[in-house]
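Beneath this line is the structure, given in structure tokens, with notes to follow.
Going by the order they are written in, the chains are A, B, C, D, E and F; count residues from 1 in each one.
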Amino acid sequence: MPVVQIHMLEGRSPEKKARLLASVTQAIVESLEVPPSSVRVIISEMRHDHFAIGGVPVSERP
Amino acid sequence: MPVVQIHMLEGRSPEKKARLLASVTQAIVESLEVPPSSVRVIISEMRHDHFAIGGVPVSERP
Amino acid sequence: MPVVQIHMLEGRSPEKKARLLASVTQAIVESLEVPPSSVRVIISEMRHDHFAIGGVPVSERP
Amino acid sequence: MPVVQIHMLEGRSPEKKARLLASVTQAIVESLEVPPSSVRVIISEMRHDHFAIGGVPVSERP
Amino acid sequence: MPVVQIHMLEGRSPEKKARLLASVTQAIVESLEVPPSSVRVIISEMRHDHFAIGGVPVSERP
Amino acid sequence: MPVVQIHMLEGRSPEKKARLLASVTQAIVESLEVPPSSVRVIISEMRHDHFAIGGVPVSERP
């Protein structure tokens, strides 16, 4: 009964997001040997100025 | 001093959300015997294409 | 299909935790008008030296 | 630069967890077309009495 | 390799957010003695009617 | 009224953790111009085999 949250930068296409939800679920189903219906996956998009690596927002990276 | 995060699908009315915040807080106050002022509750809304059960986004469920 | 995470200090009895899980679920069911089986609640306990208010760990509060 | 958190019940073998971390990362790499080194995955284990579906802890399910 | 999530009310200026990301990163670098590039910080903004203290949304506080 | 969660590898000394809680709080107080008492910080420790970069658990990195 895993619950997964994926924080990722905004801007991906609907197709990529749908593919992501399906493939991460499949990876969990196979790794943990659980039924697909038990897996919940949440996408949490981040704005580029709301995520920093080394203190620098991704929006300001070259 | 509990901190609660509620992930839920977007689209609920302001009235439902206000009721949710009040009643979840009350449930915690009574269960844990803590003062109301110590309880913080965060609503995090999810888009219907950002939440999947069994790998299928809720936006595509019949 | 709400997913709830409750961060709270460790040390509560099993009875209090069971009551918490039941009553928070009930509060959500009534507020959002969703079936009980759609609600998942996670308790995440915090050590007293892993939670600070105003920069002071709860373990050091008088 | 996705950051993933997986909440799952405790009790899985080290082998299953290692497989999970590798396969979820791979699923993200392929879906989002990002380099593997940009992906971080966190496993957060839940005790069976700290996770409830429908208000009932998993530890008490038949 | 810390990952930090900051939930805060929306409405801050871009300058304040950039300052926040830089200074929280610096605080972690100095406290834990880790390289800046290992630190990731996520800002998650909350609407004023999505965050409650004592069951009352911040949007309704006097 | 920010709420901060810091995911970090386990194994730090109590002194480092106390310093972390104080300095991150101070960074937020100064950046956002909020009173210290409004800031909550949670440390969530990760086991070395529960955190992966590029699909490889930190416990297996050279």
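By our rule, contacts are C-beta pairs under 8 Å (C-beta built on N, C-alpha and C of every residue); 3 or more make two chains touch, one makes a residue touch a chain.
All figures in this text were calculated on a predicted structure; none of them were measured in a lab.
Chains that count as touching both chain C and chain E, per the definition above, are A, B, D, F.
Two copies of one chain, chain C and chain F, touch each other, and the residues they use overlap weakly: the shared fraction of interface numbers falls below half. Centroid analysis (C-alpha atoms only) places A farthest from chain C. Chain E and chain F have Cα centroids lying 12 Å from one another.
Mean C-alpha positions place chain D and chain F at a centre distance of 20 Å. Annotation for chain B: residues touching 2 or more other chains are 1, 3, 5, 7, 24, 26, 40, 42, 44, 51, 53. Every pair of chains in contact is given here: A-B, A-C, A-D, A-E, B-C, B-E, B-F, C-D, C-F, D-E, D-F, E-F. Interface residues of chain F facing chain D in the complex, by the touch rule stated above, are 7, 44, 46-47, 49-57, 60.
Those residues of chain D whose C-beta lies close enough to touch chain A in the complex are 1-9, 12, 16, 19-20, 23-24, 26-28, 30-33, 51, 53, 58. Here chain E touches chain A in the complex through residues 5, 14, 17-18, 21-26, 29, 36-45, going by the rule given at the top.
Of all the residues in chain C, the ones that touch chain A in their complex are 1, 3, 40, 42.
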